[in-house]
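The following pair of complexes shares a single chain, chain A, combined with chain B in the former and chain C in the latter.
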Partner chain A sequence: MRSTGERIAEFAAGTLTAIVFIILYAPLIIGVLFSVVQIRQGRILWETFSVSPYVTLWSNQSVLSALSNTAIVALASVVIASVLAILLALYTEWEGAIGRRFIELVIYLPFLLPPIVTGLSLLVSSAQLGINRGLLTIVVGHTVFVLAVAYRLVLTRLQALPKSLVEASFDLGAGRWQTLRYVLMPHLASAVMTGAVLALTLSFDETLISTFVAGDQMTLPLRLWAMMRVGFTPEINALVTLVLLVSIAFALIAAWRLRPKGEVEED
Partner chain B sequence: MAGRLSRWLVFAGVAAIPLLLVVAPIGTFLAISMFRAEKHIMNYTPTVANYAEFFGNWTYFGTYLGTILLCFQVMALSILIGYPMAWFIWRQKGSRRYYLLLLAVVPLFMSYIVKLYTLRSMLGLNGLISQMLIGIGILEKPSQIFLFNQRAVLITMAVIYMPFVILPIFLALERIPRSLLQASFDLGASGWDTFRRIVLPLSLPGTIAGALFTFVLALGDFITPQMVGGTTGFTIGRVIYSQFGLAYNWPFGAAMAAVLFLTALAGIVLAGIAMSRQKI
Partner chain C sequence: MALELNEVSKRYGATTVLQPLSLEVANGEFLTLLGPSGSGKTTVLRLIGGFTAPSGGRIIFDGDDITAMPANRRPFNTVFQDYALFPHMTVAQNAGYGPLVQRRNGPEARKLVDETLEIVGLSALRDRYPSQLSGGQKQRVALARAIVCEPKLILLDEPLAALDASLRRQMQVFLKQIQRRIETTFVFVTHDQDEAITMSDRIVVMSQGRIEQVGTPKDLYYRPQTRFVAGFFGDNNLIEGVVAASGDRVETRLGNFPLAAPAAGGCKVLMGVRPEAMRIGEGAIAIPADVEEVMFGGAMTRVLLHAVAAPATKFDVRLAGDGRGQALAAGDRVCVSFDPADAVIVAD
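Then we have the complex of A and B:
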């Protein structure tokens, strides 16, 4: 029952979507291709096919140390952000809470503001406090950045829980701690996990805040940037491919956990 | 109910960490902007000299205004391309719609630096864009016109921030009840009329919010202009970053960042207002 006009509009929008998708996924396509074959004058030399760049990557000390830094930063900031998120969400949902709007604003601010503001404010304040830039400052930067995501997911879950759940727990004689441990936490666990996966993905790629607070420490994006400045080798493309695949895998896990459930087909 | 004092104590305990990690650093950099760096030595007498220098020197203030203009262009270009994409995805049915949305959102999580380098090589002398234009006969020989200028920054930012526009527009479209579209169809409205009088007005708040987020993202980006902007693609983010690097004048950089901070805050507040106007 679609008119010709609608069909034309849909075709045009579909074509546009396809073109933009190709551009958006070009990094992955180029990375995969250039990591295994060489290209001369726009022609792919299939006979040069080799996976050795992936192997040499494992003996590149600077890449490995950047990888371990990234892992340490991601794990530390995600764990701290998750614990803070639970604490803050429990607080803002508590009816005796004061300054609820203010706390929420402070949580969302580093996520909404340009990363340059977060980055340089942490740089300036750590310098004033005499703290040397390094892994600690990167962890702080990533924690405040990913906190908003973790908090939002925990809060949404908490708001969806019936109030009677907590009341029943108190009526049955459970204390505050027992209620948190045995009633609330099991319900919050999956939201915390989803938040953690999203936060991990964000931390893994975070570049703009890290630039300010990293000092002489290198995370994977910073190392990649430094390598790319020099020029492109199959080894860099291999690293690019691995980095992209890891972030896409994280993103897909998060998407799968957040997928709409029990959707009713319309029309 | 807990007493007033104990409520304040709990507040202090809970708020301590966010205050320490977010509010205190922002406060510190705002405070630093009121001092002067004289030959790399800090002079802690409060002054507005940094702000006077920023607003009085066209090199800086002009760059700031140019950045605002660039951000509006990024916003416009993103909507022009992102709206039809979100609309197309929204028109699909069932799981196909979900997978297309996923395809649109996943690039958000792909490495920022890698995206920049790929776009740079595509826009470059022997890049895809040049080759395509030669292919269809618009250009005669490879051209550098797409790289190392403001246009390159505009295109690159629009591409990188595209998912940020598509997602809110899609979410706004998805909230429109099917019954409204059905009613419009039953009353004899054409597809175009339904779009113009129902779909577009109802999705406008989400679209504006998405556009403003893109604006804020583009505003503070300092790596994109550095990578594809060359000497003419200077933005305020890049100028601020240089004050914390080579130029090494933290108070002056902090003053410019304070202006950027307020501009971004205005964008965020406007986006919040737009979202609260969402009628459905």
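Then we have the complex of A and C:
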């Protein structure tokens, strides 16, 4: 039998959790709601239900070009970061690696520093180097930002690989490339994929670094920001809803891939 | 000689894990490196395999210096202690890895893999993944993978250590049969002296990074040359003493014992007597001792005792069958005796 005290504690904990969730998620739900119905004087006007903001969005050329920019930036930076992550992890795990700690610091720093610092330094350096700001600089900015995540995942997987597998491969006559192709890559593939999905999520809604290095190009979050300055319209809510849904989808895929697995391969 | 280690040594920084040692391995031989952990036996195996570079000395194979040759060029294959099977490949793919990376494709290579799986008895499991295999089956895959390329030398790093006792005995017989069938030199590492005795043509006993003694199992069992080997093999009972000036007997704290063969007077020696050569009762040499423990073991009854004159000197006596051992009980005062001809004398 549970005591009254325990019941009260349980109730209090439950209520508190509910309140936290409501505070966190209510604005999101309201935003989603606002994209399809109108609200006047605190009352939801259900009869105004319409998906027209989404249709308007679809015919809005500047939103579509921002969307395509975001996709290009995300794919390019994720591919570059994944390749770099594999190369760097292989190098830092190699026993002859020089400056391992320094390399890791360089990889992790842009992720840990406030994005405003990363963004500003990229802005200054691209200006100094005479590089025009645009998609290229956004890709560079996102790559240095997401590299840490991709690298960490690849490195962890690489460290879990028994050293004897690599030795066995050499022992049977394989060279470095054959060992990479037949033994290391199959082992790393799923970690690279998970890293890529996480990096996509990060790149998709990255705003601050993009603000500094975008020049006259727009990514989706930047477009959203620009739209909000001229007035709060249902289209904005529609766009927020779309960004939200895509982010959640990526996050769910990443979480599903990262879930602890019961049993991997043991005797 | 197929393989020759010439004054090969290994240091890590200031730590010497292997004193300069020389060793020859004959073609078709089953050679065992035996020693406790930290004795350097696995280091020797890794030096031969090419996974570790020696700090000094040379490794010669069939007359060629292979000291600097990388592992993937050496005509040797290894069975690793943890098997090191590729988890994402099937049994057949694991076995076919050597031919694959050596670009030997086509029907010939496939036939080779099939034949090898047949030899190790895994044809039926060829499409399984390592995670779906038992320990003994994994062991066979590792062996198949190592022998498929017909190496000149097979290196085995404690391959049976992870198996339970009965499976280990089966695999011992199996390994011996395979070795005879493919007529290849085996260099086998183990810390288990029974395994070494039953399987090897020759045994290299190692301790603290150096070779203690090299010989056939019988050599080591009946004629140990160092205290370490005498203690490691057959649980010899060891009695410390000094050879008398006359050279015909050993003076010990337990009395003076005659020597079967004369020795140089004044030498510090150990008398070693195997447990099954010791008896309980009066004899030419009789040492009063107290029984500590009597353990019935089926074919043998094991009696543990200590000398009355020097309680630190322990005796381990094995009596055939239930014999008189059954009548003994802890605390009994008896005499242990042995024939001087059964004692080995080891310089101490």
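By our rule, the second predicted complex is superposed on the first by the 247 of 267 C-alpha atoms of A that agree within 3 Å, B and C clash if a C-alpha of one lies under 4 Å from a C-alpha of the other, contacts with A are read in each partner's own complex, and residues count from 1 in each chain.
FYI, contacts are C-beta pairs under 8 Å (C-beta built on N, C-alpha and C of every residue); 3 or more make two chains touch, one makes a residue touch a chain.
Since we're looking at a predicted model, the values are computed, not measured.
After superposition on chain A, the partners chain B and chain C are seen to fit next to each other with no clash.
With both structures placed on the common chain, the touch criterion links A:Y182 to chain C but leaves chain B unconnected. Of the two partner chains placed by superposition, only chain B is touched by A:T17; chain C is not.
One geometric descriptor of the composite model is the angle centred on chain A: between the Cα centres of chain B and chain C it reads 100 degrees, in steps of 10. Applying the stated contact rule after C-alpha superposition, one finds that A:F111 touches neither chain B nor chain C.
In the superposed model, A:Y54 makes contact with neither chain B nor chain C. Superposition on the common chain A brings chain B within a closest Cα-Cα distance of 8 Å of chain C. Counting contacts as defined above, chain A residues 265-267 meet chain B in one complex and chain C in the other. Those residues of chain A that touch chain B in the shared complex are 2-3, 5-6, 9-10, 12-14, 16-17, 20-21, 23-28, 30-31, 42, 84, 87-88, 91, 95-99, 102-103, 106-107, 109-110, 112-118, 120-125, 128, 140, 143-144, 147, 201-202, 205, 207-208, 211-212, 221, 224-225, 228, 240, 243-244, 247-248, 250-252, 255, 259-260, 265-267. Across the complex, chain C meets chain A through its residues 49, 51, 70-73, 76-78, 80-82, 84-88, 97-98, 100-102, 130-131, 135, 138, 145-146, 149, 162. By the touch criterion given at the top, residues 162, 164-165, 167-175, 178, 182-183, 186-187, 264-267 of chain A touch chain C in their complex.
Against chain A, in their complex, chain B makes its touches with residues 1-2, 7-8, 10-11, 14-15, 17-19, 21-26, 28-29, 32, 81, 84-85, 87-89, 91, 93-94, 98, 100, 102-115, 117-119, 121-122, 126, 128, 131, 159, 162-163, 178, 190-192, 213, 216-217, 219-223, 237, 240-241, 244, 250, 253-254, 257, 260-261, 264-265, 268.
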